[in-house]
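As written, the chain order gives the labels A, B, C and D, with residue 1 at the start of each chain.
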Amino acid sequence: MAAEQDRGTVARYIPGLASISPDQFGMAVVGADGSLATGGDAKTSFSIQSISKVFALTMALGKVGDQLWSRVGREPSGNAFNSIVQLEAEHGIPRNPFINAGALVVADVNLSGHMPRESIGELLRFVRYLADDDSIAIDESVARGEAETGYRNIALANYMRAFGNIRHAVELVTGCYFHQCAIAMDCVQLARAGRFLMLDGRQPDGGQVVSARRARRINALMLTCGHYDASGDFAFRVGMPGKSGVGGGILAVVPGKASIAVWSPGLNESGNSQLGTLALERLAEATGWSVFSART
Amino acid sequence: MAAEQDRGTVARYIPGLASISPDQFGMAVVGADGSLATGGDAKTSFSIQSISKVFALTMALGKVGDQLWSRVGREPSGNAFNSIVQLEAEHGIPRNPFINAGALVVADVNLSGHMPRESIGELLRFVRYLADDDSIAIDESVARGEAETGYRNIALANYMRAFGNIRHAVELVTGCYFHQCAIAMDCVQLARAGRFLMLDGRQPDGGQVVSARRARRINALMLTCGHYDASGDFAFRVGMPGKSGVGGGILAVVPGKASIAVWSPGLNESGNSQLGTLALERLAEATGWSVFSART
Amino acid sequence: MAAEQDRGTVARYIPGLASISPDQFGMAVVGADGSLATGGDAKTSFSIQSISKVFALTMALGKVGDQLWSRVGREPSGNAFNSIVQLEAEHGIPRNPFINAGALVVADVNLSGHMPRESIGELLRFVRYLADDDSIAIDESVARGEAETGYRNIALANYMRAFGNIRHAVELVTGCYFHQCAIAMDCVQLARAGRFLMLDGRQPDGGQVVSARRARRINALMLTCGHYDASGDFAFRVGMPGKSGVGGGILAVVPGKASIAVWSPGLNESGNSQLGTLALERLAEATGWSVFSART
Amino acid sequence: MAAEQDRGTVARYIPGLASISPDQFGMAVVGADGSLATGGDAKTSFSIQSISKVFALTMALGKVGDQLWSRVGREPSGNAFNSIVQLEAEHGIPRNPFINAGALVVADVNLSGHMPRESIGELLRFVRYLADDDSIAIDESVARGEAETGYRNIALANYMRAFGNIRHAVELVTGCYFHQCAIAMDCVQLARAGRFLMLDGRQPDGGQVVSARRARRINALMLTCGHYDASGDFAFRVGMPGKSGVGGGILAVVPGKASIAVWSPGLNESGNSQLGTLALERLAEATGWSVFSART
């Protein structure tokens, strides 16, 4: 069906995501001046999935700082999001914090000194603070459903535990990870949660979330590693730091200009939102908001 | 020796580069307004090596346009610059045009309908035009010396020829490639040659070298793939599209702001100029010229 | 220390094995005529570890026959015993039943319709029958200790479960696997348990354990895959079908001539008994018992 | 067509082999007692291709002895015959002498102190001596045709030259290699050439070609590595040391019993003669000539 090709295919391997209609599209753009523009299903909640890795990374850097980089790399992996191959050659050190293995290490860091429930609660409070919206919640049915596709992630965590790079019990770490992936947000909430990344680390009210340097660095990681093995293509076509999730959402950042969230559940071959990517590509073309453009 | 650690190690595997003193450093910054700032050995010529891949890619895109992408990918490789592993799994299609295998395909494209001498001449004229400096030349002794380290590149080209992705005789393609790597430029010339990438594809005199879209895309490739398996780290630390060469040079672009060339022959573990990278990192910090900063 | 080099190093990663003195060596040879020759510590029990994979494979073939080969391959892996790399490229199908991943699939097959305790009991009874010795038992402290090194195996099992090639709950499968590895036997018992492989599938009393064809095939697998990534070297030096374990034991079969067990806990770089391999090499040299010799 | 499935597919990538009718089958069995049994097209010449690696290895071991093993491994590769992946990880040391990379190193050894013409002549004389037949010759048209498929082999040789593991000019080494592959023999000649491997290294007239130990070791390498990534399967099904070639020939050795050559040009998926393998499997079944059988 042509429409399916145009819209991509909904991720079927996570129960609770498979039943979502691909016939949806939403977008929200928060400007550096605080303006908000929305379109389509911008107020429909979806599972942010891997976009949560951005917030979890930010929280982990707040806890342990650059020590994190002794346990996770900063290079694009050249492999799929759930690949285990690179871990063997590189002794349990994931290539970057945005592939699943890296996100599990980040979850392990965030768990330090906490019970899982506390750790998840802390991350949820952080996201609510960033978005300034206390209604953001975890979709427990999605979190439970992750278990059915969770074997690879459990394998990754055990594998890294064998190298000593996961330090808590695997079931605690994966439990946190499955819950963070199941955070539900709409485009407006997500675009608001990304504001600190366009504002050199500050919230619009002036609160410093992270230093300007750290904000730049998180943006850099999003650009080089935010779309798994299609990160290069996203940079080539869109030219914005971005992070996608298999729920069909993408958070994109234009430093100094805008924080953008798009959502459309149909995915392309690389597991990124098909319409979402296209919408960002056209937006970048129309506005010159690519970080690689002289016009920004 | 502490100094050696500070300055890195000169590439020893190419005769003619091994004898160069690491005790040199130069920098040139051309602003979008045409201003020029220089420091250190900015007028000393060096072998641009892999930086030539940027110019060769630009020329090949001018010849065949987006058809090039059926023969070369656009993703970071996750492997060293001269790795052959990925080629086998991916049937002779290199991951991107900035690893050696990809640059050999680009050289094959540029050779179409030409004798090697003509193809090299065309590239040299293009670089002279970009830099507005007809004194730029090829160091023939370096070109000859490449042969001594050329076995891997010859292997890569033969390997891709087995898949039909090199179409001219291997010795012609590698001949062109070895000569393009041996182009000698100083920092001022190199920074000038990169101006079109900061100016949305135009020369300062208004001449359109490539479209704005293509300029953005070349910048994107430089950011995600310009430093081999240290591209992520360079983006993280410096935050500018850049391309390094084992001669110790780096061309870095700040769209709308500056075209920068640094040179220091001592290399770090990843084969990129140690002092050059450090200088760019400090410059980005001081100026906010990272593409990931709100201040640009 | 020279002695350590001569004797190799005791496996330290499994608690309960690490404390065993490398200063031990035993050997038992059961002839096709029923003769028994012993030497050294032939009556000292040791943990058979991966040698159990031979008995578990034989039992699984008895349950599902050649259907097993749709879930496990028959090729040497070229990788270490606990590698996970090949599994990703080959969609969860292990290369052969003697690497850990393959043995986990075999354990999954043997578990069908059983509780773990029953499955382990069935295997133990089978080994007792083969050796004609009801005193053979499992060392529960070793089985418990496997858990401390079990992360990689748990990772392997979860990884294959993601591909549907492990069908029972991972903890049940690994539980069985850890217990089978912890079977304790001495050289005499082990050599006796291997008799059916030298006698075209029959016990000395004429009982048919497997068909002659199946016995040949198990021998073939031992020769090509029995020593992980040192299988080629063992075939080259010793020339007998054999299976080693990290407890320091090796079961070697000379079809029509002898079933041989050696044990010495010091391991070489590849994780096979150093003195055990040397003893078998000399025995093969002295007797012409290599399967590659015209003299057999 | 059913017949094509039964007979496999003729190798099409080497000109001169592609035109051969798959409708041919020959077999020759030389017994340890000197008896000769033949069947079908046993007197039709074919290109021995990779079977030549056995004779070239034997010659190289005669020249440099066990020093060879510092430059070539003895382990099954787990990869296809022309894979380059393993070479990168293992620094230019091929896994075994029966994959193409290993055979190129062997050719490099055999070239020492010779002109290519002399080296090829020496190998041809050696094969004629083994078979006691001076009519054996090289098919020059096949040798020339190898060049059209030669890019991967040229790539392998250049790649190993980069690591210093090819010491002569690549074109000389590949020239020798292409010629050795183009030796033409019929089944009777080939079975006779393999007699020393069934007779512990001696010719039937008592002449010692290699020591008994070396004969055993070559047999071991044939068993573990003789059929590329289907070596395990051949051992499993046939149980004889053997070496196949893409010309459709297989040399199989039953130590102390027989030297067997089969030929049928249709290949299975792994590039080994389909009918040839089947014929050997049935012969092994009928005679008990598997080295893994108690009956030998």
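The rule is short, and it goes like this: contacts are C-beta pairs under 8 Å (C-beta built on N, C-alpha and C of every residue); 3 or more make two chains touch, one makes a residue touch a chain.
The structure presented is a predicted model; accordingly, all values stated were derived computationally and were not measured.
Student: For subunit B and subunit D, which third chains touch each of them?
Tutor: For subunit B paired with subunit D, there are no chains in contact with each.
Student: Which chain is most remote from subunit D in terms of Cα centres?
Tutor: A
Student: Need the CA-centroid distance for the pair subunit C / subunit D, whole Å please.
Tutor: Roughly 32 Å, centre to centre.
Student: Cα centroid separation between subunit B and subunit C, in whole Å?
Tutor: 54
Student: Roughly how many whole angstrom separate the Cα centroids of subunit A and subunit C?
Tutor: The separation of the two C-alpha centroids amounts to 45 Å.
Student: Can you list the subunit D residues in contact with two or more other chains?
Tutor: Not one residue of subunit D touches more than one other chain, so the list is empty.
Student: Can you name every pair of chains that touch?
Tutor: A-B, A-C, B-D, C-D
Student: Enumerate the contact residues on subunit B facing subunit D in the complex.
Tutor: Per the touch definition, subunit B meets subunit D at residues 83-85, 87-89, 149, 151-152, 154-159, 161-162, 170.
Student: Mind pulling up the subunit C residues that touch subunit D in the complex?
Tutor: It comes out as residues 32, 73-79, 86, 95-96, 198-200, 212-213, 215-217, 219-221, 223-225, 229-233, 235-236, 239, 241, 255-256, 285, 290-296.
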